[in-house]
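What follows is a set of structures to go through.
The two complexes that follow have chain A in common; it is paired with chain B in the first and with chain C in the second.
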Partner chain A sequence: MHVVYSLGDRIFRRIVTAGAVTSLLVLALIGLFLFARGVEIFRDMGTKFVTGTNWTAGSEDGVLPAEFSIGPMLAGTIVTSLIALFFAVPLSIAGALYIEFFAPSKIKSTLVSMLDLAAAIPSLFFGLWGVQVFSSMGERWAALTSNYLGWFPLFKNELDIFGRSPFIAGLVLAAMIVPIITSVSREVYSRTPRELVDSCYALGGTRWGAIRAVVLPYGRSGVVGGAMLGLGRALGETVAVYLLLNLVFKYNFNILESEGGNIASLIATKFGEATPYELKALLAAGFVLFLLTLTVNMAATAVVQRTAKAQS
Partner chain B sequence: MNQVGTESKTSKENGIIMNEISTSGITAVAERSLGLETRGLHAWFGSHHVLSDINLQFPERSVTGLIGPSGCGKSTFLRMLNRMHEFIPSAAMAGEVLMNGSDIYSPDVDAAAMRLKVGMVFQKPNPFPAMTIKENVLAGIKLANLKVSNHDEIVEKCLSRAGLWKEVKDRLDASGGSLSGGQQQRLCIARSLAVEPTILLMDEPCSALDPGSTLRIEETIHELAEKITVVIVTHNMQQASRVSNYCAFFLSDGGPGVLVEADATRKMFTNPTDTRTADYVQGKFG
Partner chain C sequence: MSTTSDLAIHVVDATPTQPWHKPRVEQRRDALVYLALAVVAYAIVMVSGVAGPDGFALVFFIEVLLLTIFRSRGIGKAKSTNAIVSTVIGAGAVVAFAPWMSIFFSLITKGFQGLYFGFLVRDMRVTTPDDELNMGGIGHAIIGSMLMVLIATIITLPLGILSGVYLTEVRGRLTRVVRFVIQSMSGVPSIVAGLFIYTTVISVTGSFSGFAGALALSVLMLPTVARTAEEVLKLVPEDLRAASYALGARQWRSSLMVVLPTVRSGLTTAAILGVARVVGETAPLILTALSNNAFKFNPFDGPIASMPMYVFGMLQIGTEYSLNRAWSGSLVLMLIVLALFVTARRLGGKDKR
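For the complex of A and B:
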């Protein structure tokens, strides 16, 4: 059947289509630009670019060859983000449940607007707060963890120096992404059908029982979506990690030790003084980060769709 | 005080026919000590007075229909019988709801434990979407942390009592949402029965269902009333006359809802005391 739209409808349709196409086009162009500028590096370094541990600009006379690889930075990106998620998700779920189900109605709306405000704080301030305020506390926590759990490889620390570690950076990132995850979670929890919660109460359930039986399963896909938004921010975080971590090109999976870095902070650190060839390597690193973020988001969408389908 | 159930039933083949007046009010109360009763019940939403001074007794092991036009407060009244009213932020109440002779609103009552004894079925069928049929039936047991071992037995018994067992016995692990609307509502009834309530409150349980499903639910209600006390809100006069043994007529003339009259259903429909009841059941308003 051929549908005839009115002139107004046609114009409106063009405008919204243009909007949708533009955002996709910009995304594609960014990816293309990063790839085009970095392709020389990928050709020169091969897969070693993402696994190797050496970042040397080389000498100008070519005696010392330039070699670029981002293995530790890629690992650092993932490690700090996972630490952030590990702390942020339970905290956010608890916060969202409190605001939605336990907070007195007088302060509820204040809490909600404060939360949205907190989600908009520039990450620079989290970085500064992390360096100036949180680090000393984080170091004590790290020392305690190492004392009691040091036998576990993840928490091993032979140097007894606990500052500027992926653990502390991850905690600061957690603080940074808690507001956005809480905000999204609270929103989905608030949409739990009232009659489902009521049936739990009518069956003799407590508030916690209703939350466990109905609210948490109902909100699961939304919370995953919120967590992925937070993860996206953590993966791409530049300034906070730049301020909090020593850039060291060595794989570090002992998260309490003072070595680390992530791709975004690598780019920020090296960009100013980069040689033309190194610049290409930085853009190639950017392309890897771009792919990583895209993959995470696509995986998240898949998870959300699968749970949504299972529920219906 | 309005007393429904000053008559005792001897025959209940179709749930409506009953013998008239045999016991005096006082002995009737003593005999019904396990019943449900409200005394001087008032309800407010904010400053809006929605129910005024409701005194009503619900005879045990029978069906009491709450009837009246929209907005007369009958659903609010129903929700006060298991303290669901208090979940609405601006809601307030006064008076007593006596269950087994003690006030369910007294401070030392654990509301959640009390609700185990007073089941509720809602207007819209609402099985838990993330659970299977079996899990739905057992949801109350899990919610209340009841220690029971014979899960399969409970599932079969409750689904049978709700008239759903034959239809779903081969697909207990299917999602509750895969059932038809009427089946979902019977699943919700089975779910309420699993915690063995002595009272079942039903808030227009058939208003979202087709006539066939409605009939099935009404049959179920008749069977349930052999063992437990059922209170049902209904807009449908035919349903009230088919399904209830007693009726309570609520009315609001712009002010708070009041209880106009409560009596045996047959009397309410054939020879009511109040002319407003007569007008309403004959469909002159509402």
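For the complex of A and C:
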């Protein structure tokens, strides 16, 4: 069908398109600018930027060369986020199932709106809460884990100091992303065709039977999408990790030891007193983080949009 | 039933039963059982090495689980699995909801101490973070946050609405790309948005400013506004557009004068949700607006305070009074987010009617 637009329409469509394209451009510009500013570092450091172990601005006279590598921080980003996902996903599924299928109908709508509000809690509050309220509890759990499972390398801790570790930061990140994953999962579960669930009951199935046979398979890809959205947030979190993790620049896979960091908290920490060259390195680090989260988010978006389309 | 006459008809009062509801007696018995279990759990926590509210919760959960397993003997495998899994899911949900319940609770209990009227209208010009709690306040931070959020809204709202209109009305060639990019953009880490504005604005102008902070917030706000705008525009019935075309309206007139006005409150909701999304952002402001201690009304004039940066700063100082201030500032910020949410919900309800 060929539509002929009037002059007014053409102008209108131009303006609206320009507005939408500006939104596109913002994203492109973020990537472009960070890359343009950081490219010098990529050229100087090569692959060592991702695989190396040092972050030193070097001495001013150039005797000690500057060396920038985000390797340990990249590892820290992934470690804390995986810990967060490990705890958040099962809890979120339980939370979503509870709200959708178990909660008394009286409190269901209250829970849903509280969940919305919880998803809007600024991450700063999770940091504040983590430092002031949660850490003492988390440290006790960490000490217990190390007592009984310390023989396993992942839980090794030789210093007996348990605060500000990737484990605790990961747990707080988990608390932070639970509302997002829960609300995405709940929405997917709520779209399960009613008649399928009812026919399970009609065949004499129990509630759990219906959930296992119909709801969980039906919502699986939606939950995966929600988990990836949560992962994207955990990967890019700055303040909570900054407040809850000792920034020590080395690879640390003993999650109970109090050292680690992530890229975002590295940027926030080093930003204030960075030399011009180091600043470029931070921008390059920002670019890597941008790519990482963008990839995760695009995948999540693709998954969520595909399931939404398949289900509607 | 009398036995005097064999002819007497046995009359049975038919009281309605609701087999799917537990009878009152059983409910009361359950409540008692749970209370008893709680007491036992408390005793175990007191006596043994298990400690704290988490220890109590764990012991209580194990007790309830054992009780469920015990009760579900001999009712068939499917039913007993159902009972056990239900208990586990309930416990999982409690753990999932516990952190933010705890955050709300701590905000209220800890934030309440430092709260007094002056807290909302005074600044920190002559007050140090260690001063008594009846001095100083976050007035300057509230003003700073308002300025930045206002500028961000002015920048974002038109762009967000245009994107929404593009996705629902114009539906050009880029529709899928725009929708996909906007969705992905909502995942851009806030610190990256700050870095972006730092490289493009601050390294050019040479000074931190509230305006730069507002630009960074705009980047984060845009996806929320655009998505919400698209959602509300989608709710406009196709008949309305068809009717306006039938009356001879061109697309631009029907969009501007029929479609957009019908979703006015929905678009306000979009703006409010955008504001709620960014008002608590800290990371981008560390790189763009920083903070200060006195009232400032000019967003172009150097560093400017904001509520999240106030809390962040107080938290880092870490003394008793400064921590109190951090909690009080957080409480005020959370109440603002809450108010925004309630308003958005009210408005959102309006359009549907």
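Things worth noting here:
To be clear about the criterion, the second predicted complex is superposed on the first by the 277 of 312 C-alpha atoms of A that agree within 3 Å, B and C clash if a C-alpha of one lies under 4 Å from a C-alpha of the other, contacts with A are read in each partner's own complex, and residues count from 1 in each chain.
Criterion: a residue touches a chain if its C-beta (ideal position, glycine included) is under 8 Å from a C-beta of that chain, and two chains touch if they have at least 3 such contacts.
In this text, all values refer to a predicted model and were calculated from it rather than measured experimentally.
Taken together through their common chain A, the two structures put chain B and chain C side by side without a clash.
Of the two partner chains placed around the shared chain by superposition, chain C is the only one that A:Leu282 touches, whereas chain B remains out of contact.
Our angle of interest has its tip at the CA centre of chain A and reaches the CA centres of chain B and chain C; in the overlay it is 70°, to the nearest 10. Of the two partner chains, neither chain B nor chain C is touched by A:Leu64. Contacts of A:Val178 after superposition: chain C is touched, whereas chain B is not reached.
Looking at the shared chain after the overlay, A:Leu154 reaches neither chain B nor chain C.
Contacts of A:Val214 after superposition: chain B is touched, whereas chain C is not reached.
Legend: residue contacts after superposition of the two complexes on their common chain; A:Gly205 is shown touching both chain B and chain C.
By the touch criterion defined above, A:Leu196 lies against chain B but remains apart from chain C after alignment on the C-alpha atoms of chain A. Of the two partner chains, chain B is the only one touched by A:Ser105; chain C is not.
In the overlay built on the shared chain, the residue A:Phe125 is in contact with chain C alone; chain B does not reach it. When the two complexes are superposed, the chain touching more residues of chain A, out of chain B and chain C, is C. The gap separating chain B from chain C in the superposed three-chain model is 5 Å, by closest C-alpha atoms. Within chain A, the residues touched by chain B in the first complex and by chain C in the second are 205-206, 209. Residues of chain A touching chain B in their complex: 105, 193, 195-196, 198-206, 209-210, 213-214, 217-218, 310-312. The residues of chain A lying in touch with chain C in their complex are 5-6, 8-9, 11-13, 15-24, 26-27, 29-30, 33-34, 37, 90-95, 97-99, 102, 111, 113-114, 116-118, 120-129, 131-134, 137, 140-141, 175, 178-179, 182, 205-209, 229, 232-233, 235-239, 243, 264, 267-268, 271, 282-283, 286, 289-290, 293-294, 296-298, 300-302, 305.
Within the complex formed with chain A, the chain B residues making contact are 82, 84, 87, 89, 112-116, 118-120, 122-124, 126, 128-130, 139-140, 142-144, 177, 188, 191-192, 195, 201. Note for the complex: chain C touches chain A at residues 51-54, 78-79, 81-82, 85-86, 88-93, 95-97, 99-100, 102-103, 106-107, 110, 158-163, 165-167, 169-170, 172, 174, 177-193, 195-196, 199-200, 219, 222, 226, 250-253, 255-256, 276-277, 279-283, 286-287, 308, 311-312, 315, 323, 326-327, 330, 333-334, 337-338, 341, 345.
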